[in-house]
Each structure stands twice: as structure tokens, then as C-alpha cells.
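In C-alpha cells below, several structures.
Okay, so subunit A shows up in both of these, paired with subunit B first and subunit C after.
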Partner chain A sequence: MRVTAFVLLALLAVAGGVAVFVVNSMARATIALAVSFVAAGAAILLVDAAYLGVITILMMLMEMGIMAIFMIMFMMNPGGLMPMSMMHNKRGALVVSIVVFLLLAGGALGTPWPQRRGTPPSDPTLALGEAIMGGKMLVMMTVSAVLFATIVSAMVLATGRGRYDGEPSARPADDA
Partner chain B sequence: MFLVLAAALFATGLFGALSQQSVVMVMMGLELMINALVVAGAAFWYFLAPARPDGQVFVLVVLAAMTVEMALGFAVATLLMRARDADMTDMAGDLRG
Partner chain C sequence: MTAAPVWSVLPAAALVLAYASGAAVLDGLLDPADRDRGAGVRAGRPLWETARLLRQRRRSTVTPDALLWRAGAAGPLVVALLMAVVVPMGGRAVADPVVGVVWFNALDVALWLLVWSAGWGANGVYALVGGYRYLAQALAYELPLMFALTGPAVAAGSLRMSEVVAAQHGLWFVVWMPVAFGVFLGAVAGFSLWGPFGYPAGRDVAGGVLAEPSGVDRLVLLAGRYALLAAGAAMASALFLGGPAGPVLPGWLWSALKTALVLAALVAVRRRMPVLRADRVMRLAWLVVLPLTLAQLLVVAVIAVVVGG
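For the complex of A and B:
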């Protein structure tokens, strides 16, 4: 039962990922990517990582919502009403991707993986929470600093009338 | 099997990141590649060392990296649109100091 569910979810995840770059409409591409992420998150749920699976699904759905807004803002053809190709070097990218897949899949299947050590805790989420608040706290503190730096960097980059906002001569006189 | 799924997701994302011209579509490819790491990390935790939480913490770090990529990617996309009126990678192929 679990294997069947995994195979179905894996096929859905990969099909969604492929559909992202096949469909004409960027709105459909966003939905396809969301489907792929949800399927991947559900596959993670199959290995008893409930927290990670749920957080992956929730995060990705929110990200796809934000991405849809950016598409409507920035892309010239978000609805796919004018079929157009926005790809370059398709053949080269395809060859590189297939080679990388064969290498990774061959490595995954051909590597003599070590034996499983231990069994999962009765509540993996509780174990993760205790690790974060205990021995792994430094990791999460570092992550929090990186996230704060990301907020500041994103604001500096994206804000209007800022350091990187186009040519200095294009700014108002009082801003020069 | 989980690692084969991760390999497929990674290769699909790599194809998108290499072939797409739209900045947002390139970001979608990168997201798929990072998602492959999430799947692989969860599989490594469960099938190799489930007694320790290290694998789960690694997945959390990867998810944070995905968030950083997304936030800075959108910031750069906004900057490109503001500064050059560009939404395609080919329109931003040069550096200007």
C-alpha cells in the first residue's frame, strides 16, 4: 500500500515538474509546480516525517501564491493567451539534464548504502523539536540570522529610490 | 526509490534553470532542484539514521535555503524590472558597474 502510494505520488511530482516547462500559460505552470510540491510533500509524509511533509506542503503553496502575483506583475504573457516560446538552448539543456539524471539515479541505485542504524522515535516531530531547542539550537540561530539578512538584502535590492534603482540621473533632483 | 525521485526532480529543475529565459521560470527550476534535496534529505534520515534528528534538521535548513532563494530571487526580479525594464535573463546578460 505504501509503495503504491509512493509510486503514484512520485509520478505526480515528476509529471507536475515536467508540466511546469511544457505548458504555455505561466499560471498553469505555477499550478503544476504547486502540484509537484504537494506530491513531494505527501511522499515525505510516507516516511513518518509528518512535520517536514506538512511544512513543505504549506510553504510551497504559499510560495506558489506569491509567485503567481509576481508573474502577473512582471511577465508579459502570464495567461498564455499568446503562445510563445521563452526557451533558449533547449537541446543542450535537455542533454545535460538527462545525463545528470542518469548519473544521480545510477549512483543512488548502485551505491552500497550502509545498514539502517536505529529506529525512528515514536514521535519524530517531538524529537526534532527537542533537537532544535537543545543540541541543534546553533543551527537554527544561524538560520534565523541568515533569514534576517535576507529580509534586509531583499528590501535594499527591491525598494524604489534606493541604491540600485536604475541610473542616478533618472532620480529626482532632491534624491541625488 | 526516494533518491530516484529526487534525481528526477533535480534533473527536471536543472532543465528549467538552463533552458528558460524568464527570470521567474528560472526560479521555478531552482525551486524544483532544492525540492529534490528536501526529498533526498528526508529519505536519508528515514532509511539510514532515523534514531538521530540530524536528517530532519538538515531538511529544515534546506527549506530555509529555499526561502532565501525565493525572497532574493524576487528581489532581483523586482530590481531588474525597475532598473532595466527586463523580465528575461537574456536582457540582463551583462554586468554594469
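For the complex of A and C:
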């Protein structure tokens, strides 16, 4: 059952990845990539890492949404419904992808995988949280406060000059 | 809470659709545009509209991206049904995964791409603007929503919905997390393109993502919007209002009543608030609501540590 599900999800993930380069619209490429990532996230669910699997799906869908905004915004053909090629430098890209694939596949097959030590924790999510955060809580808290302050101040700077929000008093007086 | 059998997806889906229909009926009753007609006519509007859309011939645009368009139109209904899978009603849910809360969150993020696809696929300018508005608005409400969902999870010490509900015996989370509750309801309206967050389907862009779909596509899209509201209301009653807890009446009836009440409030707010522009929502969300939600989460975390430790 699990093997069947894994095979189906793996095929879906690879098919989605292939589709990114086959389809001729940016929007479809984005969605195809999202499908590929969702299949990869669902495959993580199969090893009982529920939190990691669902959070992978969540983050990837979010990233694809953001990517859709910027990718299509900066495109020369923003309508995106006209045919266009997603491939540039085909020969070089092909060589690079094949080499990387062989390296990764060789690594996966050639690594002497360790035997399992101990038993899986009763709550993998809790164990994961403690493994990531446990000894580094102070660092995490400091960094998160700094990150949050950065984001909010960036928002303050960015939204102050919105297209429709120029308050009269905020503008320099036009004396000249 | 025990694992429900597989067939329970059918009654769960029927329940979502029943609540969605109820919401549509209430919205018809509250619509001031038809005030001079009888209450029966207004209450029956979802039915007449369904019949009309089922018979309507599908109107298309010039070279639409049909695949993405159809997927986007069907998306909200599918997402609402998938959300409902983890929402307990009367102490029972179709499934109770260890990460129920995150499941709900991941699905509402899936709406980003789906609603955007619904706008993009139509190949019409108003629909496209609507799709982008949805993404812009989602950027505003998503982080506050995540922190609002974190509150009950921290207080319960679990992401499992049954444990979140069980942790509220005696004191509902809404009592000591009012900010998170309010943010959650706002976010439900946000991902359902509803009321003050109906900007992606705004009248200023001729309906935005709702501008082009017709016939069955439109029916499924509109039903999905009500179904999202219903799933969100059920989630709110389970996360913050104690789920099946309540005196005298049986648990399932309390769950049903609370869900209906939240849903009715969401529907009623539609015509009582102005639609907010995405850039204003963005500023409000990041500069006011997000710090408030974080302060709320801090309070919850401190209480959880003091009481639990």
C-alpha cells in the first residue's frame, strides 16, 4: 500500500517537474511546480513525519503563490498566454542536470545507510521541535525578534508612499 | 475520539453543503436589493440561482487557459471539503491527524494558487486583477492567521484537533484569546473573499474572479465560497468556542448551534462593512493586527508555561 502510494507520488512529482519545462505558459509552469512539490510533501507523509510533510506542502504552495506574482510581473510577456519557451541554454542545462542527477542518485545508492538506533518518539512533532529549538532557544528568540522588526519597518517604509495614500501634509511644500 | 469509518466522508460533505446552503439562504434574506419581494422568494434565491446556472450555457472568453480556470473554479469547494475532514463536530471528525491545525492552514494556503488560477485562466482583465488582489490580500491576513492558530495549539500543547477541543473543558479559548478569535474570523472572511475582504471579487472590477465564470463553473465557485465560510465557522467553534461543550443539550447539537451562529455572523457582516482595499488591509494587518496577535500569543504562552509547568 505504502509502496504503491510512494510510486504514484514519485511519478507525479517527476511528471510535474517535467511539465514545468514542457508547458508554454508561466502560469502553468508555476502550477506544475506546485503539484510536484505537493507530491513530494505527500511522500514525506508516508514516513510518518506528518508535521514535516504538511508544512512542506504549506510552504511550497505559499512560495509558488509569491513566485507567480514576481515571475509574471517581471516577464516581458506579462499576459503569459502567448506561447513561449521555458528553456534557455538547452545543451548546457541538459549536461548540468544529468551530472547532478547521476551524483545524487549515486550518493543515494552508494551511501552506507546506518541502522536505526532506538525507537521513533511517540510524538515526532515534539521531538522535531526540541531537536531544532532545544539548545538554541535564546538564539532563535533573538533572531525572530530582529527579523520581525525588520519586516515591520520595511512595511512602514514601503506603505508610507502608496499610490493613493500621499497625505497632503507628508509632501514637501511646493514653494518654488 | 475514535477514528471514523471511511464512509463518514459522505455525511461530512453533506453537512458542509447543508451549512453552505443555509448561509446562502441567509444571505438572500439579508440582501437589501430584493427587499420589496416576499421572504419566500428571497430565501429561495439559492435554489433559483442554482437552477438558472445549471441551465445556463457556459460562456467562454477568448483563448482562456481552460485547465487552470476550471481547476481554480472548483478549488474553493474542494478545499472546503478537505478542511472539513479534520474539523470535529460533536466530538467526532472524519480524521484526527496529529497535525490537524496545520492541515487546515496548509489548505487555506492552497487557495492562494487556486483562486489566482481562477482569475488568471479566464484571460480577462477584471478576473486577472481579482486574482492578483486575492494574493495581495492573502499576504496580509496569512501571518496573523498562522499566529491565531498557534494560540489554541500552544494552550492545548498539541496540534491535534481532538486535544485542542478537550483542552477547553471549563474555559473556552475565546475567553482568554479574544484577539486570536477575531483574527481567525477575519481570516475566514479573507480566504472566502467575503464581506470586508471581498476585494478580489469587488464590484469596482465587475466581480473580479467572479466576473467571467458562468453556468456550472460559476455555481461551483459560488458554492465553494459559502462552503469555505461554513468550514471556517465550524473550525472557529471547535478551536475557540469549546466544540461540543455546553449545558443540557447534547454535544453534537452544541457544535451545530455554535457553527450556525458563527456562520450567521459571518454572513450578516457582509453588507454591514465596507470592502477594504488590499493595500490598506496590508498596512492594518502588518502594523496593528500582527503585533496584537503576537502579544496575544505571548500571553497564551506565558499562561501555558505557568499553568502547565
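Going forward, the second predicted complex is superposed on the first by the 125 of 176 C-alpha atoms of A that agree within 3 Å, B and C clash if a C-alpha of one lies under 4 Å from a C-alpha of the other, contacts with A are read in each partner's own complex, and residues count from 1 in each chain.
Convention: a residue touches a chain if its C-beta (ideal position, glycine included) is under 8 Å from a C-beta of that chain, and two chains touch if they have at least 3 such contacts.
Quick caveat: nothing in here was measured; it's all calculated off a predicted structure.
In the superposition on chain A, contact is made by A:Asp123 with subunit C only, not with subunit B.
Once chain A of one complex is fitted onto chain A of the other, the partner contacts of A:Leu8 are absent, as it touches neither subunit B nor subunit C. Of the two partner chains placed by superposition, A:Met133 touches none, neither subunit B nor subunit C. The partner of subunit A that touches more of its residues, comparing subunit B with subunit C, is B. In the superposition on chain A, A:Ser25 contacts subunit C only, with no contact to subunit B. Of the two partner chains placed around the shared chain by superposition, subunit B and subunit C are both touched by A:Ile55.
In the superposed model, A:Val96 lies in contact with subunit B only, and not with subunit C. In the superposition on chain A, A:Gly65 makes contact with subunit C only, while subunit B stays out of contact range. Residue contacts after overlaying the shared chain place A:Trp113 against subunit B, while subunit C stays out of touching range. In the superposed model, A:Val152 lies in contact with subunit C only, and not with subunit B. Once the two complexes are overlaid on chain A, the subunit A residues touched by subunit B in the first and by subunit C in the second are 30, 51, 55, 66, 124, 151, 155, 164-165. By the touch criterion stated above, subunit C contacts subunit A in their complex at residues 63, 65, 67-68, 71, 97-99, 102-103, 105-106, 109-110, 112-113, 116-117, 120-121, 123, 132, 135, 138-139, 142, 159, 277, 279, 282-283, 286-287, 290-291, 294. The residues of subunit A lying in touch with subunit B in their complex are 3, 6-7, 10, 13-14, 17-18, 20-21, 26, 29-30, 33, 36-37, 40, 43-44, 47-49, 51-53, 55-56, 59-60, 63, 66-67, 70-71, 73-76, 86-90, 92-94, 96-98, 100-101, 104-105, 108-109, 113-114, 116-121, 124, 127-128, 130-132, 136, 139-140, 143, 146-147, 150-151, 153-155, 157-158, 160, 164-166.
The part of subunit A that touches subunit C in the complex is made up of residues 25, 27-28, 30-31, 34, 50-51, 54-55, 57-58, 61-62, 64-66, 68-69, 80-81, 123-125, 148, 151-152, 155-156, 159, 162-165.
Within the complex, the subunit B residues that touch subunit A are 1-16, 18-25, 27-29, 31-32, 35, 38-39, 42-43, 45-54, 56-57, 59-61, 63-64, 66-68, 70-72, 74-79, 81-84, 87-88, 90.
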